[in-house]
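Below is the structure I would like to discuss, written out as structure tokens.
The first chain written gets the first letter, and so on, giving A, B, C, D, E, F, G, H, I, J, K and L; residue counts start at 1 in each chain.
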Amino acid sequence: MKKKKLKILILHGPNLNLLGGRETGIYGKTTLKEIDALLKKKGKEIGAEVSSFQSNSEGALVEKIQKAAKKFDGIVINPAAYTHTSVALRDAIGAVSIPVVEVHLSNIYQREDFRHHSFVAPVARGQICGFGINSYLLGLTAVVELAMA
Amino acid sequence: MKKKKLKILILHGPNLNLLGGRETGIYGKTTLKEIDALLKKKGKEIGAEVSSFQSNSEGALVEKIQKAAKKFDGIVINPAAYTHTSVALRDAIGAVSIPVVEVHLSNIYQREDFRHHSFVAPVARGQICGFGINSYLLGLTAVVELAMA
Amino acid sequence: MKKKKLKILILHGPNLNLLGGRETGIYGKTTLKEIDALLKKKGKEIGAEVSSFQSNSEGALVEKIQKAAKKFDGIVINPAAYTHTSVALRDAIGAVSIPVVEVHLSNIYQREDFRHHSFVAPVARGQICGFGINSYLLGLTAVVELAMA
Amino acid sequence: MKKKKLKILILHGPNLNLLGGRETGIYGKTTLKEIDALLKKKGKEIGAEVSSFQSNSEGALVEKIQKAAKKFDGIVINPAAYTHTSVALRDAIGAVSIPVVEVHLSNIYQREDFRHHSFVAPVARGQICGFGINSYLLGLTAVVELAMA
Amino acid sequence: MKKKKLKILILHGPNLNLLGGRETGIYGKTTLKEIDALLKKKGKEIGAEVSSFQSNSEGALVEKIQKAAKKFDGIVINPAAYTHTSVALRDAIGAVSIPVVEVHLSNIYQREDFRHHSFVAPVARGQICGFGINSYLLGLTAVVELAMA
Amino acid sequence: MKKKKLKILILHGPNLNLLGGRETGIYGKTTLKEIDALLKKKGKEIGAEVSSFQSNSEGALVEKIQKAAKKFDGIVINPAAYTHTSVALRDAIGAVSIPVVEVHLSNIYQREDFRHHSFVAPVARGQICGFGINSYLLGLTAVVELAMA
Amino acid sequence: MKKKKLKILILHGPNLNLLGGRETGIYGKTTLKEIDALLKKKGKEIGAEVSSFQSNSEGALVEKIQKAAKKFDGIVINPAAYTHTSVALRDAIGAVSIPVVEVHLSNIYQREDFRHHSFVAPVARGQICGFGINSYLLGLTAVVELAMA
Amino acid sequence: MKKKKLKILILHGPNLNLLGGRETGIYGKTTLKEIDALLKKKGKEIGAEVSSFQSNSEGALVEKIQKAAKKFDGIVINPAAYTHTSVALRDAIGAVSIPVVEVHLSNIYQREDFRHHSFVAPVARGQICGFGINSYLLGLTAVVELAMA
Amino acid sequence: MKKKKLKILILHGPNLNLLGGRETGIYGKTTLKEIDALLKKKGKEIGAEVSSFQSNSEGALVEKIQKAAKKFDGIVINPAAYTHTSVALRDAIGAVSIPVVEVHLSNIYQREDFRHHSFVAPVARGQICGFGINSYLLGLTAVVELAMA
Amino acid sequence: MKKKKLKILILHGPNLNLLGGRETGIYGKTTLKEIDALLKKKGKEIGAEVSSFQSNSEGALVEKIQKAAKKFDGIVINPAAYTHTSVALRDAIGAVSIPVVEVHLSNIYQREDFRHHSFVAPVARGQICGFGINSYLLGLTAVVELAMA
Amino acid sequence: MKKKKLKILILHGPNLNLLGGRETGIYGKTTLKEIDALLKKKGKEIGAEVSSFQSNSEGALVEKIQKAAKKFDGIVINPAAYTHTSVALRDAIGAVSIPVVEVHLSNIYQREDFRHHSFVAPVARGQICGFGINSYLLGLTAVVELAMA
Amino acid sequence: MKKKKLKILILHGPNLNLLGGRETGIYGKTTLKEIDALLKKKGKEIGAEVSSFQSNSEGALVEKIQKAAKKFDGIVINPAAYTHTSVALRDAIGAVSIPVVEVHLSNIYQREDFRHHSFVAPVARGQICGFGINSYLLGLTAVVELAMA
């Protein structure tokens, strides 16, 4: 499998801009900025140019996904709270043909019942959760594989 | 029933801006722009001035509805994904006294279970679904009748 | 879209023979006979010959649908109470290849919970509800469009 | 308990900007502006400086809560429709350490079933509902007590 | 309360024509004919002329109810199996203004779960069950009282 | 069927002591005392000596039922609120061998969902509801028939 | 097991009269008439005289079952749509003492959820589904065995 | 709003007599006696004479509410465990016309699922929970406002 | 494990005073008095002084538990009907620190569905059911072990 | 349809090795050995060589199915208890391309609720239940037909 | 009750072989070997010869139960994880006539929801849970009593 | 993070031995043997010695997990069908302290409803699904990271 230069979009959902500053017991001390740097670095290693975007707005995330279809080869998304409530996000992902991988920092199956259901999962290519920052890195690896397939 | 000059607002919910370009198997090849043109044309025939607005943002749609109460005589809304998740949209519609008609391109009762429930339906005057673009045209006819009543 | 001469069957379910005489607060003062006349008139305007049939019997409605497949180009059905309880009606509609449009006078989503579910909706081409007599007229327009497609 | 000078943020969710103008039967005739004035006045009496913010956008409310953590000593929030649908709001409140009090003008337990569940309640310190404008005033009193504790 | 001459219709639902001949352990040995005779006799004592009708057809029962509105002062109905499945019967009863009393020979709350729910109960004036033939006689007494009120 | 002198206990559940004084729109203007007098009078006519007891205490009702087994030939009980919550009442009724008839003034199937379920119904001989005071009188007639059988 | 001459009734529920003409992908190309001929032939081989009856009316099927009790030694029924909705059919079957076998052409457990529940199954002696026409032939064999036992 | 002298009843439900002595981690160290004293003091400040009553008996609480209607201008009730199980309490509150405010020391929405549902809430004027002793004080303030309205 | 002199309270819930006299098929012929005697005797053998209390009143049982905390070293409770309905009993048990053991004469998992859920079980130390009188004796043994630990 | 020599595997699930020795009231007195002999005999008559296998182990049954794909032309399986709990069995059946027929001795729809659901049914070709030993014989006939098709 | 020499089988379900080595916080430090020794010792005291068997295999446990019927006078089983998932175990227990007692070390009603349901409980004679090792000892005492009865 | 030599166990659940030979449309054409080879190769690259084990038996998998605790530094498990039914597997994983990662070839959230729930997920450290063979490779990477942490 020879690797071509790929463009990958990392999407961070609501409240992820708080990472590293609060609830470090659950989410760790790494900031979102640091995560993005790690992803860029990892991307370079596996031949992918990584861009990141965070928003607390469902509509903004929907639009970013819509536009990504033409500019990117794949998306890694941590939909955070919108995982469980957003059909709009689901429909946006369902409408783009590039591979989308869903990731979560925490193991959502160890948390409240309403976090066990994802509107995104059935339209994503796959789901990775529970590995902290590594969920993102594994997701990046996964989406690159899918984009190259 | 003599017809007076009416102003009707057409509201398109999230991801409908993608119409015509993607998933044409489900939604057809007509673009949103073309739908709006057809609605304007139909409006003229039945004595209504038609304006259109699309947004991927729940809040933006809520505000458009709030303001429509004073400027328009009726609303045709395709709430798309927000049909199934937005109490805010429901409350906005419940708060305006002009008639609101809910339309859907596809037959939502043939799709996933979560699409069978509409938060909007109980506050809309009526619902029309499954007729593709014609759902909008029938909705426009319906709202004009209601606005003239 | 040039219009050809079409034959459309209007089917009225149980208790609709009472229209106009009772519960006029909910269903209006128009009798079923008057509705049928309005439909015939509308049919003429849009190039369709309209026949009507009412029955309180599930089996009679099933048979009417079965036979309609060869004689008519489309069906507009208000299944009334059988909407919520009749799999037989659903199967009959599922077995005919002409387009079937489901209509309701009232907005069934504003009424008792058991009226929110329709066995017919997933096999109908589309559903129109909440517009009183106009539901029928819009349904006729819709089915004519579908039959001509 | 000696009182210190506190800064309290009042957050109003979607459609609350319509207060006083519509549905006065349910929500009373007082406008949001008047409510904010009453809250400012009450705040002065109990030693709190009160700021208010209304938005119809889930994301905007989320961001206001995130930023409030550093500028305010407490939040009184009427999440309105987002009470029942927003995990993002819940997560934002769960991420701030200042006390948050949930208030509702109406008694949500006398309304539709879907309004009986609050995503916010388990992360708020307490909930006050059913007292009209007084829900806000009681909420302000409550959050001031909590902030001083 | 002076008694006027009243006309009461007794409606027997599906399978009740078998009474007395089968499952006498549950339903007793009295035939439907004998029950009708007892009702006629009881009717005479309390000033009511009693007519009876049994059908295994939902539609036939619906039509009997529709027509009863003009000819009778009250209905005692044992909807039998249709109690649990017929919205059509419910709608027919809801459409007539004369009092309707629901009766059952057996105590339906001691039987299968699906027999605990009655579509008829919410539109009947009252329900009497569990007293065997006496359920009918008590129902006749009750409906006569209601008709005279 | 020759009638013997029977002793019947009428049991009134919680809040029924308020009858006639409050919520007369729902429950009528007759007081509990007047109902008891009507029952005594009716009892005399059909050969039964009637005693009445009201309590707001679940335990007191349980004990009254336990003791009734030896002193009475039948019980007519309106368990009111305890209908829907008391397994203790159910067990007490299940433990006595004299016939017990459950009555309700209002049609419980027209009220809140939680009032549709009765813990008492499966252990009572039959249920009568919706006829106002007449529910009691019919219940008395029914229990006398059962006690004489 | 020596075989005696038996009379078996085959009952076909709603829409089965359409067999062979429509939806041949699901139900095959054999007509109901051909199925009946195959059953008569098979009956002869195993010593049973076979009669068939199809109806789209629930009431007509109920009555056929009631009368069959005296004329036939067993029933093979394909209740089709009424499988899932008819308590009346269930009660009729429960009231006859001859063996009744439930058959389905398709495997109902591979279809919509509402088709997984049968009101008939608990009162039938057994159920056979999924074998196309062979379901009927196996059902005939089964009912003959039961009738001879 | 001029204040008149009001009489307010404070009702404490089951196990609240244990306050201050046990589970101080959850409920704090203040005893019920001290809470009553704080309420009397607060009452004086806002022009209300406060009486308190605690009972572990559902029936006793029901009777206290019934009698309060004539002696008091408002009730603050912490129904404790009966919140979730007592229809009798609900009916008693529903029967009195003076305002009733429901309060809880803890945030019931952070506890077991069965504590999220209150039978009392829909008949109370409003609900206040999660503020410890302050829930009572805010409830007293609220009920005084309602009684004066 | 050396044994010290322990005081154990046996609590019998509603309708258990009827034991031995009624429904002996289910509950056996031993009276409550005899059970208490057996428990006292068993207590002596294992070094425990046993006291018993039966009540049909939820409130009385709650109070007995509250007071037991200071006088007894452990409680064996058969909550009977209140097992399934009493949050008050649960809260009382949750508030005492001495060990509480829940026992049932019958195997509650072989009975009606509503008897499968116990509000008491999660706050009791353990549950023993199905062994008739022996459930009490085993429960006494168990609580003595716990009290000595 | 000319018959070729077929090899059919009969699979018996857990506890079926006990047949004939226990619970003969439900399952009859025939032993599994005798059933296998009857199946072999029946097989000979219809041109099939029959092999049988019983196991109480889910894994052993899974492996037998996996291997059967290459050695047999069809499988008749009575999954017994694993019917209701084994996704592994379902997946094994779903993975083999030879026809699989599910049989049950008893009518599972007359038994406990959890026995009404079969994980196997949707992947089997058809289901036969309620005919005792004859279920196996009919199943053998059915699978032979399918294997020859 | 004179005691005869009894043979009792102790069955330990999956993962119980790990006892004492892991999760000692929940399950204590006693190993399974030590528990078996305690049971043997206790058995001697009460006249029972105790054998033990542990397996992680559902099928192996099923077979052990089947064979126990002839060799043992009673079974004490801790089905562990299979409590909640094994119908096979339930059927095996239902098929043996010797008494079976279900025990659990922990209080399963204080753990995850899926552990609140036992497939075994309705076929066991009784259930004992929450007393740690003592659950086994009490279970042994209970089964000996049952075996001697 | 310097890498030490780690031993990782790969566990394959039921029916995975069929991989590559059947249902290649869903699961691909790679055999389990080839997957294991890829994992060994990947392991070498990231400093881990990889062993593999497949079983169709729940008990065998449970025992492999129990023993792995002492021999391995981490487990990657694809529990296949047992994901959805095995509490025993869950308990085994919960009992070992080495990190366990759950993987699935397919996206289980796009399949039948019963496959959306995993008993394993809440006790695994994380879950990876939907990436085909890559799910295993990502899982190996993830568990190595966890084992080194």
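The rule we apply is simple: a contact is a pair of C-beta atoms (placed from the backbone, for glycine too) under 8 Å apart; a residue touches a chain by one contact, two chains touch by 3 or more.
Model, not experiment: these values are computed from the prediction.
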Minimum number of chain-to-chain touching steps separating subunit D from subunit J: 3
Relative orientation of copies subunit E and subunit H, as a Cα rotation angle in degrees, nearest 5: 120
Interface copy of J-K among C-E, D-H or A-L, judged by whether over half of the contact pairs recur: C-E
Whole-Å gap separating subunit A and subunit B, where each centre is the average of the chain's CA atoms: 32
Distance between the centres, which are taken as Cα means, of subunit F and subunit C, whole angstrom: 48
Centre distance in Å when subunit A and subunit G are each reduced to the mean of their C-alpha atoms: 55
Contacts with two or more other chains, residues of subunit J listed in rising order: 57-60, 85
Contact pairs between chains, per stated definition: A-B, A-D, A-L, B-C, B-D, C-E, C-G, D-H, E-F, E-G, F-H, F-I, G-J, H-I, I-K, J-K, J-L, K-L
Complex interface listing, subunit C residues touching subunit G: 57-60, 62-63, 66, 69, 85-88, 90-92, 94-97, 119
For the subunit B and subunit A complex, residues of the former touching the latter: 13-15, 17-18, 22-23, 55-60, 80-82, 84-85, 114-115
Residues of subunit C defined as touching subunit B within the complex: 107, 109-110, 116-118, 121-122, 124-131, 134-135, 138, 141-142, 145-146
